[in-house]
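Look for chain A in each of the two complexes below; its partner is chain B in the first and chain C in the second.
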Partner chain A sequence: MNLERLPNEEKLSLCRKYYLGGFAFLPFLWLVNVVWFFREAFLKPSYTEQLQIKAYVKRSALGLLLWVAVLTTWITIYQHFRAEWGEVGDYLSFTIPLGIP
Partner chain B sequence: MDLLSNKWIINLIFCLFFTASLSGDVGVLHVLESEANLDWVLQNGPNPPYMVILDSTLFTRSVMMKLKTGSSRVAGVVVVAPSSNPAEGFSPHTTCPNENSGVYSESYDPALAHCNVTKWNPLGNGLSYEEYDFPMFSLKDDNDTQAIKQCYYDHNHVVNGSSPRYPLCAMQLYSHMSAVTDTATCMRRNGINFSLNPETVCDPLGDFNVLASTRPLNYTDKGHKTGESVVIAAARLDSRSFFFDIAPGAESAASGFVTLLAAAHALRNATQDAQPNRTILYAFFQGETFDYIGSSRLVYDMDNKQFPLDLDNVHSVVEIGQVGLHGESKLWVHTDPVSRRNSSVNEEVEKLIRNLNSSALNLSLSLQEPSFSQPLPPSSFQRFLRARPIPGVVIQNHNSSFTNRYYESMYDNAEYLNMSYPPNLTPEEQLEYVTDAAKALTEVATIVARALYTQAGGSDPIQLKNINADSQMVTQMLYGFLVKSNNSWFQQMVPSDFAIHLRDRPTNFYVGVTQQHSEPTLLVQYLLANLTGTTVNITQDNCQNQREDEDDKESKHIYSYMWVQGAAPPNSTERVAFCVRSTVRLSKALSPAFDLEEYTSKDYSTWTESRWKSIKGRIFLVASHELEMLTLGVGVAVLIASLMLTYIISSKADILFSSGREPTAATY
Partner chain C sequence: MNASDSDEDIYNERSALVRSESPALPSYIPDSDLTPPNGTPTKRLKAGISRRPGAAAADGGGSDPEVEAEEEELTLKYGAKHVIMLFIPVTLCMVVVVATIKSVSFYTEKTDQQLIYTPFTENTSSVGRRLLNSVLNTIIMISVIVVMTIFLVVLYKYRCYKFIHGWLILSSLMLLFWFSFMYLGEVFKTYNLAMDYPTVGVIIWNFGAVGMICIHWKGPLQLQQAYLILISALMALVFIKYLPEWSAWVILGAISVYDLVAVLSPKGPLRMLVETAQERNEPIFPALIYSSAMVWTVGMASPNETQRSEPDEEAEQSDGRAEPPSRHSRLLPEDEMEEDRGVKLGLGDFIFYSVLVGKAAATGGDWNTTLACFVAILIVCVPPWTAPPLCDLKHKQELLKTVSPAAAQRHHEHPDDSFINPDCI
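== the complex of A and B ==
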């Protein structure tokens, strides 16, 4: 979809939809929001709706950062300690590698 | 190339295993010349990891422990199996076999526990019970192995201290094992339900015990049988070695059960005509090497009303252990000193020993008790003692420590039992030739058979004198189990669907996983049926349906029927098959720990074997690391250069590809 062709109100509404959607444990929607609307929010000459779009993009970026931090921490801990957790580690796993503890 | 690998067998307490990567372990070949040469592998050599090739003389505990500690530089070990047994002996088992699963524990008698009195297997180096981070294979010393060593001498050998130059000869060994850590972990992982790809990673070890009785037992009537008093004649069926797929077990297993088979045959007539008071139960236990899998299961079944007898029906136990005689003429009768402190048990044991001694009169062998009080050697009888103080003996060829220098190793073979045949005999003639080893075992079998007859209450002296084991049969059995199982005598006694599984090599006595039937169990089952059963004249259909005629519903509970191939009469090639009726049964030999799901049990065996994908190896030449990096670098450079060229050309496309006529005034 080419943002150039959309009127500004529709751009705002699209940005809001992606922002709200990201709260349903969908951080990728926030990632898309940030990447897609970055130029619109910060690099284009200003227009009425740009302030709101800027706000949404900033908040999406914040949420995204939080998700990245949480997931990275959990993944690191899990990968490092799964073998030591024994039974709990096995029950948490969908796929257990063969041949290594 | 004949490869035998060390499969991953794991237990809760002992983790014996080696890890190997999924894509195979690659290492530069190195033929180890001496123990000092290990420095090249572990420290000095410039091209780790190394694939170490050992001659069997260097396959010792000190070399293996050093390789184990330096395992980051060792990709694998290949042991070249010698063509004859090493004179100094070799036993990869522990010095105190089945230390924690027998009867001698702190609570039974602390002075006798953990082999404090006698170290049964003094030559044991415990290699089979260590953990290795690399695969280990065994190669026969044949042309392919010479080719591998030649590859080493051509490319990898160090001359005058200079390091060898690339390309180097390397070997890759595939033997990835799925299971890890211990039995409890791998059994848990077997049972996880919501995993994306549920995969069984290990299986419990086990098979079947072979049982037969002189009087038929009704197998639907489980639990205590009032009035029944049984003498159990026991032997073990299994053995092992360091490497998978080769467990000749000549003295540790075959000497015992072949003797018991011959004794059962010798007793056939005596127990069919005038039955003695007590029933004799012949029991061949599987899995005894791995913490008494078979005997612990039978005792458990007896205790829990899963068997037509229970432990109160057992009068006494006679066990035949390692009885290969290498020219000696003395056998030793071992007993348990703790249960003998009870006077009634002691009286029964002394009666049993007197029976044995009187059976040995007029024969060239003599039986003696060890001169000092010592515990029982590792034997199935210990599991019975754990449950009840039953009188019993274990007959062995050693006074204190084992005389077997190759206990549970790949050298415990026909050569060790002195089964020597004159040269230039055909296989048929070898089958029939009575070796000295066979003559000795025949004597033992006669003694055991007569003692069992007397112990079972038989009192007719004429019957007693007529009980003689058949040396022809003993030598044929020894040939069949220790030289070639595909021989004409075995062929006659097995059903046709099993006959195709007979091999031209010695039997492998490793117990294997529960799902897979091991060859020795089936062979002993068919042999015991033929040797103790009778031929009955019924149709093949009835025979295979376990009944005497169409209306018979009862016989299958007490007898078992086998339709065997038989021999071809002299004038034709068609085998004349017949039906054998016997009291032979298979009873499940799976450790109770797996039924109870107590994978950390200290009372029962918890041995499992890992699943594996493919086991193979190959050798090839490898290039140096620098050459590989150079090739990669050139490739990447070519890629980047071509990308850049494309970008430059496309951005200047209008200049390069315009016709040059029009004046370019347009600005973009």
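== the complex of A and C ==
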């Protein structure tokens, strides 16, 4: 999909859909939104819809940062305390490494 | 007009064959600086693009040999660029497969589990028996493929689009979620990492959902290409794991033969699929084709199907630069309908090349075998898909009209002249 070829309304609609879709536990979608629409939102000469696209991109970036923070925290906690948690740790584990932790 | 000529301009089939009015510009291949601006075009095969200099477009007044030589040169240059554009995704896919094979032992472990498509075991005592079993496996596999292809063509002919879309969505769902889940699990086990279900859940969910969006709906082109490469690699890995050794090699050979038959023979299912799509002026389904440019054209030949590639010229837009309107107006009237076309290669090709190289990497211990296979595939398999062996007369006619009415007329009179048409497969 080449953004250059789309009319501005469609760009806005696409950006909005990606933004809304990200609420379904899809930070990756927000990341794609930010990267893809970054140039449109910030580096292009302005047009009517650009303000809204900017807003969506900013909010997607915010959501993304939030998710990254949450995930990093959780992963750190898990990796650090997994062995100590005993059964609960194993229950949560998808793969359990071999050897002594 | 002159100001806009650069390699970043739209270089699609129209502009490639319609000569620019500007004076000769140097291409980025040094030796083509020697090309005289208005002179007889040489037939050197260049690996890059150069702007066609010289006289006004499609004047039809050129002498016949000159026009024909000109067309051939354009075609040759055209084909060369396509080849290179296909190298990259094919290479990437193979790199992913080989990297996985070499590092994750899961995919090379011997398993007695086999796909239902290859019921005959290869753990037999005698060589003859094993050979027989592998041939039988191949026959079954190929019949399944033929039946499925015919089924798909029939569905397409009778416009059962919903069914086809549902089928494609189901299969890409499986690939994107289930196979990648297995893959991730195996990678973690190989590197002895701990991973918890919530994190894995989030990762797979994101990977799969964004993949579905990119492939079946709208998404950035590079991301879609990346996903297609990844699912081809996943599929190839599954084949490498579950196809028994000898069956795999026999199947590869048989698939190539079937491929040729299905596409070249007039009643071949793939050919019928392509022709039906052309008649209806529709693109072939998104999940089956890798394309280097997103949108398909309306009208001019866009034969895309599972097992073929198409040597369309990539027409990546120059980023952020408004097209000079005069450029569009000089191009032919159907220009509004024509959008970015790119080189297209069926995912089946990706998968089977990767299976070949992956098997070579798995069986042969060292890298020489793998590299040799890789180079062989790039040289032997990729160019033929970009050179257009298939061409029906209708498309030759249309294309020639765009280049020069004189040539079109000549072709009309002598339709049997072989002419490489970059617009066809």
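Quick note on the criterion: the second predicted complex is superposed on the first by the 100 of 101 C-alpha atoms of A that agree within 3 Å, B and C clash if a C-alpha of one lies under 4 Å from a C-alpha of the other, contacts with A are read in each partner's own complex, and residues count from 1 in each chain.
Basically, a residue touches a chain if its C-beta (ideal position, glycine included) is under 8 Å from a C-beta of that chain, and two chains touch if they have at least 3 such contacts.
Since the model is a prediction, treat every value here as computed from it, not as a measurement.
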Partner chain(s) touched by A:A24 [first = chain B, second = chain C, both, neither]: second
Touching partner for A:R39 - first (chain B), second (chain C), both, neither: second
Which of chain B and chain C A:I100 touches, first, second, both or neither: first
When both partners are placed on the shared chain, which of chain B and chain C touches more of chain A: C
Touching partner for A:G86 - first (chain B), second (chain C), both, neither: first
Set of chain A residues, in rising order, touched by both chain B and chain C: 93-96, 98-99
Touching residues (chain side chain A, partner chain B) in the complex: 86-87, 90-91, 93-96, 98-101
Chain C - residues contacting chain A, complex: 185, 188-189, 192-200, 202, 205-207, 209-210, 213, 218-221, 223-224, 293-295, 317, 319-320, 339-340
Partner chain C, residues of chain A touching it in the complex: 1-2, 4-5, 14, 21, 24-29, 32, 35-36, 39, 43-44, 71, 74-75, 78-79, 82, 92-99
Partner chain A, residues of chain B touching it in the complex: 19-22, 176-181, 185, 188-189, 192, 194-197, 199, 201
